[in-house]
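This is the structure I have questions about; it appears just below.
Per-chain numbering from 1; labels A, B, C, D and E assigned in written order.
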């Protein structure tokens, strides 16, 4: 095997690990920031690592059937696969993985793969809270996909491509970032992103005080650990996707981390200061202003 | 101090006029106390609710008259317009306390009745849901009856942490310190088993 | 396929595990009695238990620590036992307030238990009626110490002495209609 | 020599044979039907794709049957699904009454479908169309219950309207071209007057649209699908409704393509298809009966297909035809699994059944693959068709249609999840404690289809090969794909093997990890052992959240659901009937009135004979 | 033996006189006689049919040459329709064999034979006044048959029929008088040549009288008030007689006169208009019927409307399609009446509601009803499909799309109400054990009809090849005149 193959294999190993580390660290930072906003000291930044290690080190594990057993596997499959099909760094053979074999539409569907797997797992537990959470989550998804897809369609039409790599290639130079080229698409997408990240006010899916953490309520130990792992990776994957599409991608890891972090702060800070929407309120929210912005974005491209 | 009890007296008159056998008194302002025959509680409360406007059922209270072998049910109803409470008392046979339910007047009475059933063993006929309420699987004498010995029961049933020797009877300790007399009643039914 | 470590690496792994367990205590606050009111101040800004990695868990499956915040009546005990058995090993129990220790002011009640550790294994008791948040946090730190020493083996104890615990539990819970948990 | 009449006579005579077999041999009907369907299936596959031509002169009308690449595609679908449906029915229908009738009509319907696709002239097309309609109608009313009859009448009424529209288009064409031959008519179509063109195209599109349940002509579908026996419903939704698509393909590319208003036809159809997809999905979300839910889902999926066809680009047609095949497979799977549940539990109500996964694992697997495929989640077959559809929509600049389609396909997760969750997951009712897996003859078709969906997803080239040929028949379209890679018009490519490989590898790794981690301490517990704040669910209590499952979404789309086409049609029907009731009183039953009519008629005729007959008295 | 067209009239007439006499001897003989008559007539049809298709056979009765003598005109159209009448008549006889058990059966068969006499007479005659005579014979036989059951409803229906029918006769006779007074001849062919002798005003008057008079017999709206009652109150085979024979004869008479004397575009338009009205209103009314035989009656009217439309189009294709439809309708409607007769007999009620579950109890009869229903809706592979298709094609060729759509609307309504009835039959319901069974002769009769319907449906060429000469004969007035006057 030649060196590029080895480089690729190395990339397959490094990418998820980086995503995991960055994602979990972001999670820790979020907890600290949340604590500071609430006038608390907050846990150490490494707290989420300890949580995940603890969950992995649980001695027993209980599941209610094969679908629950595999639910987290579905989730991690979805998150890692999505990550593999997103170009993480521009022009770096180590970080590109499979990104030339898929595109945005593929990613849109791949992202659902994990949710559906998790939903099946949650369904099998027989816990009504899980099912309620799933119903809410799926309904919410229908809500935020509308502005998100509108934004993506606007961009895809503008540049006549559905490939992320090509979109990245379009945005060389600060002023060519799509956030400046099509700001309305960005607004629609970022509003959808709020829903996608499940932070308040769109955290009705997990709503801990209401439906006992929703779909996750019967998951513990290694299952919960795998879910959290995949969640961290997925968060990173989504952030990278948004960075690639709107913020011009990144050439090196530092830029990537800065950009993703800044992007991540939008849902986080929104989440800290907001109460919770009910599901239908959330859906109608997404179908109102974000959709209007999305349509404006498309109209600007078309006209 | 002269208190005008006009409203109370009006109510008293009305009740007396309608229920001749009731013993009605006015213990204080805004309160009318009625002692009734058992079978009259139903029409009486209906009369209060529908005619005199006592819409609100505050509470049902129960007293265990062990010596008289009777259980007293105290219905407290209230009128929002003149803020008068009527306290209706009936006495049931302690061996077989039974009274028809009042669910059709105040649906929320279900809860009170369930509790009284559980704690005193009063059977509310036609209630339909006299299942376990607070206690689960209680066997034996209902715990609020005065012939139930709670200390003895607790000692027999639950584990006590060794080393808590003072955990005897608070009342004895208190009387020792203050030198008060324990009432005869309490002595008979509480202290007797401690000795 | 059992993964086997050599002794040295097992030690290291154990140390990491204990450290993680110690620093990540997810609490299932079983809100019985008056102690339930002491938990919110412990968790929120004033005392900020999250500093120690303590945070609430929504369901027993996710939780590490079962916090019994006060007296347990027979009816609640049944639920507590069920909840405890649903938790994943390793799991810890903190008895909270004197009611869990010796019955407290309910010593002569006909319907509350007076000795929690006869029914489920308790790792740490926090005394007081009620203990203030400072005391609660101190209790948690005590628990962390116990975990670090590797002595918090309540789940194992319960498993090994299940018959004894069951006998105690069934002495007061007459209608034992709980599902079998295949211990 | 295999030719079309041989296949058709095998099917139709086979139907009669199955009926006869049922009279004389117990269980004879099912075996006969299965063997005949298998044999006819073999013949369909053995038939050369551009051959088997046969001409039959019937009086003044000449019927021509021939296999083309386009018809071969649909014929394969019909033959395979028909055989599997009959195989499935063998045990599903076992012990029911009138099996001869069932299999006879089943085979008749299959034969009629084959007849439709092989017809090269409009008369035999219509002939078989009607045979298909009434034989499927017979199957809808098979159960003999009041409800099924209502559904059947509704189905037939709409079908009759559709069929007569097709008929009128056919006779209008004939009046112009003096020929019933498809090729002749296509040739002469561009020379016809504009009015004729519009009329013919709209009549044909509406007529075929009824069969493919295009909104607002879908009203018959949910109940008809629900009431027909599941073995047939699979074919009904999978193959029979595709005859509408077959027809629409002909309309769009054979007739409308030669007109000046081609683009309007396409746009109209595309939007109708898109709205169908979205609204049907919304209706599916609020259903509480498995088969009705699947019926609405079917309507929605056919909407996608219509959109793909109407786009008229190679990619769009490719997507539509791919989805046609895939939908045949996965909707058959879902209907079959719903039927399996019905067979074991006696109901398809999503509110009543739950937790069957441990009792019917293979059925669950089928349903799982089915819903993943419907949802379009990679790497199964549904995804690639959706991908092509989106690419086609993007390249043709249908910005807003793509949103409509996307809402539909996202909302589809809601009902798909509800379907699988309510039937198979959650806590099991006590009464279903002794439910067993269905017999092998039912599992085999389900498993075969599952395998097909998987293979078609990973190796789309296998299915795209016949589709590419079929596209050649429809017009001068060139499909852009290689064995592994599918290209869009913008040069995007998607490699299904890489995707499937990645997903598979990670999934296997994850499954191994979760399987071996703490393997000894991992326990399976009952679904009753859940977090309920300590409360213990009793045996009779079922905590599964199944009733009104999608209520949050329902509330959000309440304004859309408020007015429905069904209600409109019902209102119309009622008003019409009451009008008829009034008209009926023309016949008063009174001899004097009738005599008066006669006199009046004479008087009127005499008075107005000038204006009527041109003769002045 | 040489078979003469006059035997079509003579033999049934002879049989009609013979039957009461035979009734004194043996009931069985009475029952068998019509069968023999029909078999003999069929034999005659086989002999004459091909000849008539090539060239009309004109036979002179009583020795005078036309236009003075009474002539019989056995052309292609007449041959076609008479063959139809023979087939239907034979089947009706077969069906009646066990169905008519009510005494006096010889009266029934006598009336039946008289009706056949009258119908064949109408179809054969080349003379206007003779047509009136035969019309009267047919009508009187029909009135009597309507009231054959001698119950209140039957009598009422017969009275209505009589009332309206007398209008028909009167108007027709009036028109004959007017024509005769101007032309001095009664021979169709002769009149056709001399039609211009009649002043326009009288001509219009004649037209109105003929249209109304014959329209009554042909069930044209709104002159068809008699039909629903007569169909539903008469015994079931009589319903078939009306639908299959009487109405066809009446329609033939009307069309023959109109085509010979008044074939102007306006009249044709009027026919189309009336046909559409007849079709739609009858179908709508049928939709709301609760009695099965009334439903069939209205459907019959609707079908006649369809035929009138097709005839009104007046092209070669449409006329042949109309003849085809007449043929199909005669057969199918007979089948439906037969099946309905036994279904009503089994369930003991005329209501459609009460037929529930009979499909499982009496499978064969119900099956035949279903076949008939599917056929009359025009579903393949039954014969009704082809005739409807041909009608639609001819309408489309005439270029009138609105008519096409109206016809199809009627068809949709028809499909719905027929299927309702069929579906009612096959609704599962516990039916009390019914020992009564459909007799074998009835089943054979229905079987023959169903077989013909299916056979023609699969090989429409069998009938289709005779349609063109028949239509030509009807359309082409010049040929008729030439042949009729030698």
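Descriptive notes on the structure:
Definition applied: contacts are C-beta pairs under 8 Å (C-beta built on N, C-alpha and C of every residue); 3 or more make two chains touch, one makes a residue touch a chain.
Everything quoted here is computed from the prediction, not taken from an experiment.
Between chain A and chain E, the least number of touching-chain steps is 2.
Of all chain pairs, the one linked by the most C-beta contacts is A-D.
When each chain is reduced to the average of its Cα atoms, E sits farthest from chain A. Relative to the centroid of every protein C-alpha atom shown, the closest chain centre, again from C-alpha atoms, is found for D. Ranked by how far their CA centres sit from the centre of chain C, the chains are topped by E.
Averaged Cα coordinates give chain B a centre that lies 39 Å from the centre of chain C. Here the CA centre of chain D is 43 Å from the CA centre of chain E. Rounded to a whole number, the gap between the C-alpha centres of chain A and chain B is 61 angstrom.
Averaged C-alpha coordinates give centres for chain B and chain E that are 94 Å from one another.
Shared interface positions of chain E, defined as residues touching 2 or more other chains, are absent. Shared interface positions of chain D, defined as residues touching 2 or more other chains, are 521, 523, 525-526, 528-529, 531. Taken residue by residue, chain A touches two or more other chains at 58-62, 212, 217-218, 221, whereas all remaining positions touch fewer.
Touching pairs of chains, sorted by label, consist of A-C, A-D, B-C, C-D, D-E.
Of all residues in chain D, those touching chain C in their complex are 516, 519-521, 523, 525-526, 528-529, 531, 533-536, 538. In the complex of the two chains, the chain C residues touching chain B come out as 73-75, 78, 101-103, 107-115, 118, 168, 171-175.
For chain D in complex with chain E, the touching residues are 57-61, 123, 126-128, 130-131, 133-134, 137, 141, 143-146, 149, 152-153, 156-157, 160-161, 164-165, 167-168, 171-172, 174-175, 199, 577, 579-581, 583-584, 586-589, 591, 593-595, 597-598, 600-602, 605-606, 609, 612-617. Considering their complex, residues 31, 35, 38-44, 47, 49-51, 53-54, 57-62, 208, 212-213, 216-221, 224 of chain A touch chain C.
The touching residues of chain B, when paired with chain C in their complex, are 134-137, 139, 143, 148, 150-151, 153-154, 157-161, 164, 167.
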